[in-house]
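Structures are listed in the sections that come next.
Presented sequentially are two complexes of chain A, the first with chain B as partner and the second with chain C.
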Partner chain A sequence: MIELVDITKIYGQGSNAVKALDQITLQLKPNEMTAVMGPSGSGKTTLLNIIGCLDSATSGEYYLDGREVAKLDLKAKAQLRNEVFGFVFQAFNLLPDKTVLDNVMIPFRYSCRPRREWKQRAMTALDQTGIADLADRYPDQLSGGQQQRVAIARALANDPKVILADEPTGNLDSTTGREIVAILKSLAEKQGKIVVVVTHDGMVASQAQRILQMMDGRIIDDSKIDSDSVVFSHPSV
Partner chain B sequence: MAVKHLFLTLLTQNELHGYELKNGFEDLAGGKWPLNFGQVYQTLSRLERDGFIESYEVIQTDKPDKKVYRVTEAGRKHLQDWFKAEDNWNLFFDELALKIMAFDLIDSEEALTILRSYRSFILLVIKSLTRMLTEMQQGQPGTSTSPTGSANATKSSLAMLVERNLHRAEADLKWVTSMIERWQKHD
Partner chain C sequence: MKPLYRTLLVIGIAMGVVATSLIFGVGQVMVMHMQERSGYDSDVYILHHGSGNTIYGMPLDLAREIRGWLPEDITASVISSDAHDAVVRIDAEVWDADVIGVDADFPAVFGMDLTNGRFFTKEEQENRRRVCVVTSDLMALFGEDALELLTVNGIEYKVIGTVQGDAGTARTPFGNYSSNTIFFPIEVWYEDFYQGEFRHRLIMQLAVHSPGYSKADLARFVSQNLIHMEDAPAIKVSASNEIGYSSWVQDLLILTGIFFVAFIVFLLAGLNIIQIASANVYDQQRVFGLKVALGALPRHLAGEITGEITACALQGGYLGIVLAGIVNTVMNQRVGQYWAAFNVFTAIAGMLLSLLVGWITAIIPARQAAKIDPVLVLREER
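Up next, the complex of A and B:
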């Protein structure tokens, strides 16, 4: 479980200081996909980076499965980033001169996993995103949706507990976007991961169980979609 | 509403009896707009009274006789006029429109409550519409996520209708979110 208590992040100093996050308190639980919405500059990406240990808070406490992250040394943090978190970005960020399989195996280079397990684990991850048959292709031979599936498989390679996605559908058409969101959602619902998705897109947010609305570094709304569907009406004549 | 125009459209394709018209209409609406027989026969009798359709009896030996309808020239003309008719936009198209009119009079906390609950509702609408679209594209309910399976997206009238609703709902979500941000700043 992830627990943030009064997390504040300030960039710059003195009169240039900008409060990107303002006393955020938040718990994130397994099996749940949470969408983070809000205007540009509201702190969404900063929040995601702090959760993923890519950035550290100016003040406040961050507990990951009960351990306070600030007390870990650099090496332990680097290991967390590689093994506890899987990152998915809007721009896919695949290495163009590597095959799909090699891209997915990149996280293993920084882990202590024996090399003989690499391929099988990577293929399992590709299978989970439905593109095991594309393992030998190169990124420029793939559609945007397929590239994002590779990126998700790479995020899954080390079987992380947490998937952090920053505008994962931002470069995709709406049909492909729906498919990508369905994959992310199933990682939460079927594999018990914590999934956090930063998005501008209402379709993406609507698929999450929980939606955080941010403004000026604060969470101004935290709501759950617990009902499954709406009953549509039609003209009575 | 224009149930009668869809009946006329169906009758330009085939001569049909009442039950077939009911089914044909409901198919076009993807099962989301059921008609009862009272509505069906009332609509048909008005169309016939106005000379847009005519009917004849088909004698059946094993079943009761049935009445079959066909469209007249006047009916085709009426349908063409409807296709060309000017569109209109109802400025007060739902309950929320009237609640918004009350915003000048109620306090901002009450307004925020209304807006937040509408936002949750809209998200649920988007979720439901997205699922309808996904099910249509996959041909059946389920969660298969084949990367190649979506290419032949359905072109059915219901899919177009759902997509249109999805676009409107997403626009409304943007609107309600910016309203919440604005009212929040009033605090």
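Up next, the complex of A and C:
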């Protein structure tokens, strides 16, 4: 379980200081997909980065399964990013000179996992996202949706407890976006992962069990929803 | 690493190796000229196999062939090694004497005056006459004109002349010839002590008296013909009084000095390599940020960059050695004897230098990569 208590993040100093997060208190539980919404600059991505140990809070406390993350050293945080968190980005961030399989195996390079297991685990992750048959292709031979599936497979490679997705459908059409969201949702519901999705897209948020609305670094609304009863229209429609 | 940067790195390192190789070549030429300068007081040059420490020389037929490449107005004489199995008896006593074979031109090459009698003639040499010339010191042991005959391995030789015992200008593979030296016509020497096997590599030097010709001229005469001969040994040209000067310590010091200069030059080239590698890091910031997000530590990134640059260094080193070989071959055809400047040492030094510079130049880009903030580079839309 993830627990944030009064997390504040300030960028810069003195008169240039900008408060990106302002006393955020939050709990995230397994089996739950949480959508984080809000206007640009509201602190969504900063929140995601702090949860994923890519960034650290200026003040406040962050507990991951009861361990205080602030007390962990560089190596321990890197291990968390490798084993506990899986990141999915808007721009996919695949390495163009590597095959799909090689891209999915990248996290293994930084883990203690024996090399003989790499391929099998990567293929399992690709199978989960339905693109095992594309393992030998290169990213530029794939559609946007397929590339994002590869990125999700890479995030799943080490079987993390937490999936952090930053605008995962931002570069996709609505149909493909729905497919990606369905995969993320199933990861929460069927595999018991904590899934946090930063999005501007109401359609994406409508699939989440919980929506956090942020404004000026604060959570202004935290609501659990019944996705079957709420209908959002896609901004592009 | 992007293919463009990889290619630029490989080419950069290859050029560095070529430059280094040329420095080695030029360095060797400079050393040779320095040594040559010390030998300008003489028109006598020595064509020999390898360095002054060479154990094995060249066969007589090769020495004769080399002689054939030189102009007619050059006087030449081969000088054999000492015939170790020769047992010299004078008046029934066994003497510890150096038994060497030379050509009839030996005194002319070294400008030696005979103190008594004469040296053997070309005719005597060609007709395999069993004659010999001894040193004045050896003669003095028996009194003037007392020594007329001596036997070596049971064969009798007529003593026809005497040369000065301590001839300051005459050099053999052993330095100034000893006071107990006995000179035989080379063909007789081969026939009587080596069963006439002229292919034995027993000729230590081909000494030439070549007024009007420079050392470079001689080197050109030799190397232009040698490069067309397969399996030809390395034949070098040295001034008569530089043989034996260069000890291995001197060689090592000189080569270390050249290596150091080459390293500095290559390090300067390394600055360009750093620029390329740094540009690659800047261009790949997002990739490095991604890797951090996936669990990479700074040491992982440093290791990957070092590994990539090392691979480029190996490829560039290999390419550079091949190019240096070509450049040296072309240069040597133009210049003459300096083809020996490109050798195994140069190749190994080139590879070591490229690896060393690769590792050193990897430090800065690796540190740059380690400082990348994944939050910034992953957020930024590029």
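FYI, the second predicted complex is superposed on the first by the 228 of 237 C-alpha atoms of A that agree within 3 Å, B and C clash if a C-alpha of one lies under 4 Å from a C-alpha of the other, contacts with A are read in each partner's own complex, and residues count from 1 in each chain.
Quick note on the criterion: a residue touches a chain if its C-beta (ideal position, glycine included) is under 8 Å from a C-beta of that chain, and two chains touch if they have at least 3 such contacts.
Everything numeric in this text was worked out from a predicted model, so none of it was measured.
Of the two partner chains, chain B is the only one touched by A:R149; chain C is not.
Of the two partner chains, chain B is the only one touched by A:Q213; chain C is not. Applying the stated contact rule after C-alpha superposition, one finds that A:M37 touches chain B and leaves chain C untouched. Shared-chain residue A:I10: touches no atom of chain B or chain C. Which of chain B and chain C touches more residues of chain A: that partner is B. In the superposition on chain A, A:L74 contacts chain C only, with no contact to chain B.
In the superposed pair of complexes, A:M123 makes contact with neither chain B nor chain C.
In the superposed model, A:T176 makes contact with chain B only, not with chain C. By the touch criterion given at the top, residues 2-3, 286-287, 290-298, 300, 374-375, 378-379, 381 of chain C touch chain A in their complex. Remark: chain B residues 1, 3, 29, 32-33, 39, 116, 119-128, 130-131, 133-134, 137, 143, 145-147, 150, 153, 166, 169-170, 173-174, 177, 180-181, 184 touch chain A in the complex. Looking at the complex, you find that chain A touches chain B at residues 37, 39, 130-131, 143, 145-146, 149, 175-176, 178-179, 182-183, 186, 201-203, 205-207, 211, 213, 215, 220-221, 223, 225, 227, 229-230, 232, 234-235, 237.
Residue ranges of chain A in contact with chain C, taken from their complex: 45, 49, 52, 54-55, 74-75, 78-79, 81-83, 87, 89, 91, 93, 95, 97, 106-107, 109-111, 154.
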